[in-house]
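What follows is a set of notes on a single structure, which appears directly below.
Should a chain be cited, it is by its letter among A, B, C, D, E, F, G and H, assigned in written order, with residues numbered from 1 in that chain.
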Amino acid sequence: MDIRKLEDLLRKVKSGKTSLDEAISQLKSLPFEDLGFTRIDHHRSLRKGFPEVIWGEGKTTTQIISIMKQLKGKGQNILITRLEERKAEAIKRVFPKSRYAPRSKVLIYLTHSVKFEGKGTILVITAGTTDIPVAEEAAITAQIMGNRVETLFDVGVAGIHRLLNERQRLEAARVLIVVAGMEGALPSVVGGLVDRPVIAVPTSVGYGTSFGGITALLAMLNSCASGVAVVNIDNGFGAGYIASLINRM
Amino acid sequence: MDIRKLEDLLRKVKSGKTSLDEAISQLKSLPFEDLGFTRIDHHRSLRKGFPEVIWGEGKTTTQIISIMKQLKGKGQNILITRLEERKAEAIKRVFPKSRYAPRSKVLIYLTHSVKFEGKGTILVITAGTTDIPVAEEAAITAQIMGNRVETLFDVGVAGIHRLLNERQRLEAARVLIVVAGMEGALPSVVGGLVDRPVIAVPTSVGYGTSFGGITALLAMLNSCASGVAVVNIDNGFGAGYIASLINRM
Amino acid sequence: MDIRKLEDLLRKVKSGKTSLDEAISQLKSLPFEDLGFTRIDHHRSLRKGFPEVIWGEGKTTTQIISIMKQLKGKGQNILITRLEERKAEAIKRVFPKSRYAPRSKVLIYLTHSVKFEGKGTILVITAGTTDIPVAEEAAITAQIMGNRVETLFDVGVAGIHRLLNERQRLEAARVLIVVAGMEGALPSVVGGLVDRPVIAVPTSVGYGTSFGGITALLAMLNSCASGVAVVNIDNGFGAGYIASLINRM
Amino acid sequence: MDIRKLEDLLRKVKSGKTSLDEAISQLKSLPFEDLGFTRIDHHRSLRKGFPEVIWGEGKTTTQIISIMKQLKGKGQNILITRLEERKAEAIKRVFPKSRYAPRSKVLIYLTHSVKFEGKGTILVITAGTTDIPVAEEAAITAQIMGNRVETLFDVGVAGIHRLLNERQRLEAARVLIVVAGMEGALPSVVGGLVDRPVIAVPTSVGYGTSFGGITALLAMLNSCASGVAVVNIDNGFGAGYIASLINRM
Amino acid sequence: MDIRKLEDLLRKVKSGKTSLDEAISQLKSLPFEDLGFTRIDHHRSLRKGFPEVIWGEGKTTTQIISIMKQLKGKGQNILITRLEERKAEAIKRVFPKSRYAPRSKVLIYLTHSVKFEGKGTILVITAGTTDIPVAEEAAITAQIMGNRVETLFDVGVAGIHRLLNERQRLEAARVLIVVAGMEGALPSVVGGLVDRPVIAVPTSVGYGTSFGGITALLAMLNSCASGVAVVNIDNGFGAGYIASLINRM
Amino acid sequence: MDIRKLEDLLRKVKSGKTSLDEAISQLKSLPFEDLGFTRIDHHRSLRKGFPEVIWGEGKTTTQIISIMKQLKGKGQNILITRLEERKAEAIKRVFPKSRYAPRSKVLIYLTHSVKFEGKGTILVITAGTTDIPVAEEAAITAQIMGNRVETLFDVGVAGIHRLLNERQRLEAARVLIVVAGMEGALPSVVGGLVDRPVIAVPTSVGYGTSFGGITALLAMLNSCASGVAVVNIDNGFGAGYIASLINRM
Amino acid sequence: MDIRKLEDLLRKVKSGKTSLDEAISQLKSLPFEDLGFTRIDHHRSLRKGFPEVIWGEGKTTTQIISIMKQLKGKGQNILITRLEERKAEAIKRVFPKSRYAPRSKVLIYLTHSVKFEGKGTILVITAGTTDIPVAEEAAITAQIMGNRVETLFDVGVAGIHRLLNERQRLEAARVLIVVAGMEGALPSVVGGLVDRPVIAVPTSVGYGTSFGGITALLAMLNSCASGVAVVNIDNGFGAGYIASLINRM
Amino acid sequence: MDIRKLEDLLRKVKSGKTSLDEAISQLKSLPFEDLGFTRIDHHRSLRKGFPEVIWGEGKTTTQIISIMKQLKGKGQNILITRLEERKAEAIKRVFPKSRYAPRSKVLIYLTHSVKFEGKGTILVITAGTTDIPVAEEAAITAQIMGNRVETLFDVGVAGIHRLLNERQRLEAARVLIVVAGMEGALPSVVGGLVDRPVIAVPTSVGYGTSFGGITALLAMLNSCASGVAVVNIDNGFGAGYIASLINRM
């Protein structure tokens, strides 16, 4: 609750400009509405200039379209993650300007153009080619949140010269997102090469004892390089989001 | 390897200013030395204006003092983490200007005053009082890396009004470090209240199924708030370090 | 075994009203029957006025209908959980008065109207919209066991004001069921706001390190709020059941 | 925040009885104070008539005594859990009326006599003798929160007649706390015998694959009896607390 | 290697009845043959009068039929476990006398009638109805190995009187196989009621934290009753096998 | 409850030989007494001719001596497991005829000589020398329960000829207890060599990924040899107990 | 980076034979190219005479064919692992000389005949028949890397004589690959019989507590035989690869 | 069993040179003796020219000295691992020529000088300084088994240039042992730089989610570089042993 707004309100109560009931009602009415199945918080996106994000998994096409309509009415940009192709196609029929990236299962719908608010470049790096879907989710998230994004794919540590060849790009980035499965070693090497924050994203790529990304996650949490923080397995969106917060600073 | 330095060197080889052997030797001699038991990389700290960091656990007092002497000779500030009180006392006899924080087991030794490079305030928050040692490690790390640091302790989610009462301080911070054990829920709540990056630090506080911090770690990785990234259990240093990288931006 | 019934029986043996064989037979014949594949214990439901509960998973439609017929004959209300839609439709053809909730996969069949035995309101809360199926299983269970049930959905901790706006409803409830996946933090916050027992239900909602609900479960077990007890992952039925026992008191 | 208090306050602002600054200050000043290392929330205990609870582990004797003095000043009853004998003795020298239970490591200090608020009996049951310390923590917690408590120890499932012999006591209880280590089967059996809520407490008793209580915990979460909810391993306090909440109803 | 056969052979070598090469060859030729994809060890079954056992999972119908033909040629009885219905039907076309139990996915083919070698009855007990498939695998295994088998299904611990009602049957058995999922408590109770060896079989029945049978397995390993040993999850065959070994004694 | 005793009792009630109150009291008074901290069940040992077993860990010397005195009064043989040397010495002062085995931490006290009830030999085998303490616990348990016991130590699978050299002893045993840590492979090999039940005991011997015996336990549960059942890690007592039950048959 | 090539290059820079730009360009142009989705490192295979390896899982047929065409152009031999039959058929239409092994899902395409570089025989052993697919992956890998490979299947430890019968073949091998699921005991026994390096491969064969190969993996890591090293679960390729490196020595 | 010795023996039986009983006895008497608590297998070391290895942990000084005396009598070299300093000192008093390395807790005793049998150099690499104890165990093992050993310590991946600076030494080695804790990434990078077998040793160095070496182990098993095989956590001995087997080839 904002102290200045409270002060303002109390002043109006005192002066009689605002009735008691109205004051209580105002204090209670925070700006979100009830769609029956989900509460959308415009408050946040209005405040931040951020898109509204919808987690596509487990929602029906009908539910998603209903939310999108309401958000469009508010003039919001929309980012939908983990959206199956089948649903994306149905949505495109209603919102033809939607853009869907099948590899990362992300759909975006812009009601207004994205304003560049990031101060530098966010570089999204992957260890292998199978990590690309997660990296793309991160990249699209960062783009719709107003950042210049570059990518550098398939530079895993078993061929370390591939990474070292790109040191200039590494050093030019302001924030780095490093996406890796299997042994998850890439963030440690990258973290040792740059002076910028590294957001590490473990992926569920691998087999046997990769345990669906747990090995990569653990390796990243135990990185011997400083300057590395970690998000959940396959959480490209989360990485893109926090990288965007940092790049605005 | 820096392309411009390489260009420069090649130019000197061509002009004969630098002999072949010298060129090869220069290319090979990277700025670290061999102390027998550990390699110190001045390169990094020189470049970054960062302190040298020594992991105190598992090193003998003699080893640490030997490293400190060498670093002092290079004019480095020194941060030692996980240092038992017994060792700290022995070190203080040799380096009387050392300052030791027994709660967090951190020792710092300054050869020059810390230059403020952080652009805003880093706020270090804990859920409980038992989380304070880890928080202090984060705070001291951030301070010696040139940041203004504030703290807000014992504002766990079971008494949510304690946290909400401090919203102004939350919103005033540029980077937030949130330290919590047990169910690790605090970063989610904080992440929902601010538009700034939140670095979450799980602590090994708890019993039974807290599993020495694993529960808190998992909860933080699964935070329903965006803008949260996580470091290893009890890794106050790592949180302070990446928060410092971000706060310089 | 009931001491008074035993006394009674012995008295009749003594007086000759009951023969020896009959006495032994009575002592042995507890009120359940063998359907071949499952033993139904009327004893319990008769005693408690509770519905009979059938775990639908892994039973064939034929088996379920056979059990239902027998229970109907005894005048029991019936609650079937984890029932696939396909089976529900087949059952409805035989028991047209059945009511099926596809979201929570629960079917109820009433042979007599439910008697309100709960003394207050049970409030079922969810953190997100994807937790609703489990919450609905809890709500329906509590209703058929004779309680007034209210629901409050999608009030997760990342938007803490959504929950705080509903404090009056929280405080009005006599028992609270809190359903959450991901980091499972909601029961801690709710538990800190009310003086009533909170039954926490972890859900398998999430991905990566949510581990199918284990993270939420662990967080709930480690709740820093007192007054919270936990049931198995996705066990909406169990939560509704114990909440009903409490609300009768 | 309490709506009626807010209404009241606004009324006074309107009438001029309360100045603007005072109103804001009142709204901000929630009833807890900062002891430097811990925030005590009188609010809760005042409201509930509950004792203040101090988690003794990891706090120094000096810290605990400082908190106790402040609480005594407020007229609070005090319950300290997980308190080593050595610390208890030091505390007793300052607070001679303290009572310490060495088996469960619980200390209580009463500033006023406990008022019976529980409506029935809470029965605390253990499977073995080694589970008794945890059971005692639960029992003392329930007692200081105003309940009649009975105990029934060493009635594990391998000698089922020992439990069945006590069926009358089981059925007489209003709430049951069942404490068990090893295979944790007792709550299932008890839950099948009574119609009352059963709070199950796994203990870390056992060896090998008991995994410090995890096996018992898992067994309890998977109880085939309805009406069972679970708290953290060795969390006697938590069980006593929620049982007390229920028994007041 | 059998000492007496060796003695015999050496004697023949000495006497010249057996040539050197023949002796070496005999010592080397142990009685199994190479079918290309699997080695069948008649040795064992010949010695024991046991059936040959084929693990059906992961073998093609063609492979199984090829093995069966060879075994039939040797006059062996055959037990195939984990055999999908589809494969069973194909096999029945070639071996019409096969008997297939779809619930437990076991097929048996007898080339000669089973000789009763067990000295008493093996009683197979389940906690619930969903445990029956595993129990049936155990029962069929014990039968084809020459035992009288009885079954007692759905007598889980939440309705303890159902089990106690059958105490005479429990006490009449010579070996008991107890099959349970969920919290796996039944073997503890049974083990406390009888003086006979109890073979406990955890099943993968359950959800959430039943972890596919791990909870039941752990509970059984930690049984507070003596006289209980455990086999792998869902390993009805293994339980039937060792129970048969015991019942011959 | 024994049906014949019940019949008998009812007959006496009918005939007036036993009064009603007496009958009820007899039905209720099962033969165990309350020592305050532990319930001893003479019933079982009387019935079985087995020793009374006391779990020494977590009991004080005073408690143990008190239990022993009572048992001695009943003429019971006593077996105490997991008893620290320090306690054993104190006990020996009170019960000088006690015999203590420091390696396995087992104390036995005989009030009467052990009657041989086992029909053959129980062979206790270990993989390494560090497994011997657990093996000794099994051996002593089997001996006091009336069995001839032989041992065969340090015949692990990495030197398979050591085991094969002893095949005659393996084949002579009626029941085999196989104790192994590390990779726990020995029961599989032994199980393939004999036609007798094999009780496998995993030990906590090893380091790193031996995980305190879990690796050995898992290996034993997955044994490719039939006829193997498993007890808890380091549970020598449990293995000796069930082997004794089997050897009586 | 190769020091001699650097020396050479610098010499040419000095003499003017190579221009500055060219030198920098040469230093930068390492021999791999960007196919858009994957970076192929010819460097390695050229240097080693090894085939190029493609991980087939998660790549589309189109992607694989595109990589193959490029590799064929370079004269490389190609090994594709984890390739579904469906994709293999499509590839065969474009590269008819491809050979596909459906059991192990490996495809090889030779542009030139394989040169034998291995100095002895690599023996690939399996415990069971279900381990054969992984063993075949290892065998084909070793063959295409220039080794003579022999196989010995279905010699698991429960029938130890089957293995002992083949001791001459074991002793004749220069490197041994031992493939086993379930309890993973075979490498320990083999390692005790030979003086050669044993590469152990756990397979995901089994059920229940085999945990998809983890039990076998743990057992192998804890092998009581020296001379055993382990690769990932089902990693036949990795075993074949390191065995090839060793056999060239 | 050796076929030629068997042939020889049979020939003597035939000719009467060897009696039947003697032949059987010879076949049975394999060359190891029973020391009461441990079986020493001279067979192996005689055959291989390897030292005898004693696992020091869990053996008393007396036991170790007794084994050493016997081995010395056979002219064996001796390697004792995991030997506490206190025991080492006691042993030195009896065997003054022993050499003890306190960092790695290894003692060696030579009865004859070590013969160099390794064909090249074994290079032992560590990521950090805290990994050195394990590396030293590997190095000493390899030395006493007849290899030239070099070491390269503290070249972890966060400062990748430190490793790259030593490429010539990496490429000169015939076998590489790579020792690392924390995220365990070093073997992947080394494996990508060399064409030689890499034996990876995870260490228990780290904290929090390093889980005592499990994270490093998992990372190594999932190495994206080919040519890497792994031994148990902290198993320096095992790495030194298999590296020695390879280096003889």
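Here is the rule we go by: a residue touches a chain if its C-beta (ideal position, glycine included) is under 8 Å from a C-beta of that chain, and two chains touch if they have at least 3 such contacts.
From a predicted model like this one, the values you see are computed outputs, not experimental measurements.
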Out of curiosity, which chains are bumping into both chain D and chain E?
C, F
Computing the C-alpha centre of each chain, which chain sits at the greatest distance from chain G?
D
Where the centres are mean C-alpha positions, what is the separation of chain A from chain F, in Å?
59
Which whole number of Å gives the spacing of the CA centres of chain A and chain E?
54
Cα-centroid distance, chain F relative to chain H, in whole angstrom:
38
Considering chain D alone, which of its residues make contact with at least two other chains?
1, 3, 28, 159, 164, 208-210, 214, 217, 221-222, 226, 232-233
What are all the touching pairs of chains?
A-B, A-C, A-D, A-G, A-H, B-C, B-D, B-G, B-H, C-D, C-E, C-F, D-E, D-F, E-F, E-G, E-H, F-G, F-H, G-H
Using the touch definition up top, name the residues of chain F that touch chain E in the complex.
1, 3, 47-48, 53, 119, 164, 167-168, 174, 195-199, 217, 221-222, 226-233, 237-239, 241-242, 245-247, 249
Mind pulling up the chain A residues that touch chain D in the complex?
3, 6-7, 10-11, 13-14, 16, 20, 23-24, 27
Mind listing the chain H positions that touch chain F in their complex?
1, 28, 30, 32, 37-39, 41, 44, 55, 57-59, 82, 202, 204, 212-214, 217, 232-235
Residue ranges of chain G in contact with chain E within the complex
129-130, 132, 153-155, 159, 161-162, 165, 205, 207-210
The chain H residues in contact with chain A across the complex are 127-128, 156-160, 164, 182-185, 188-189, 191-193, 206, 208-211, 214-216, 218-226
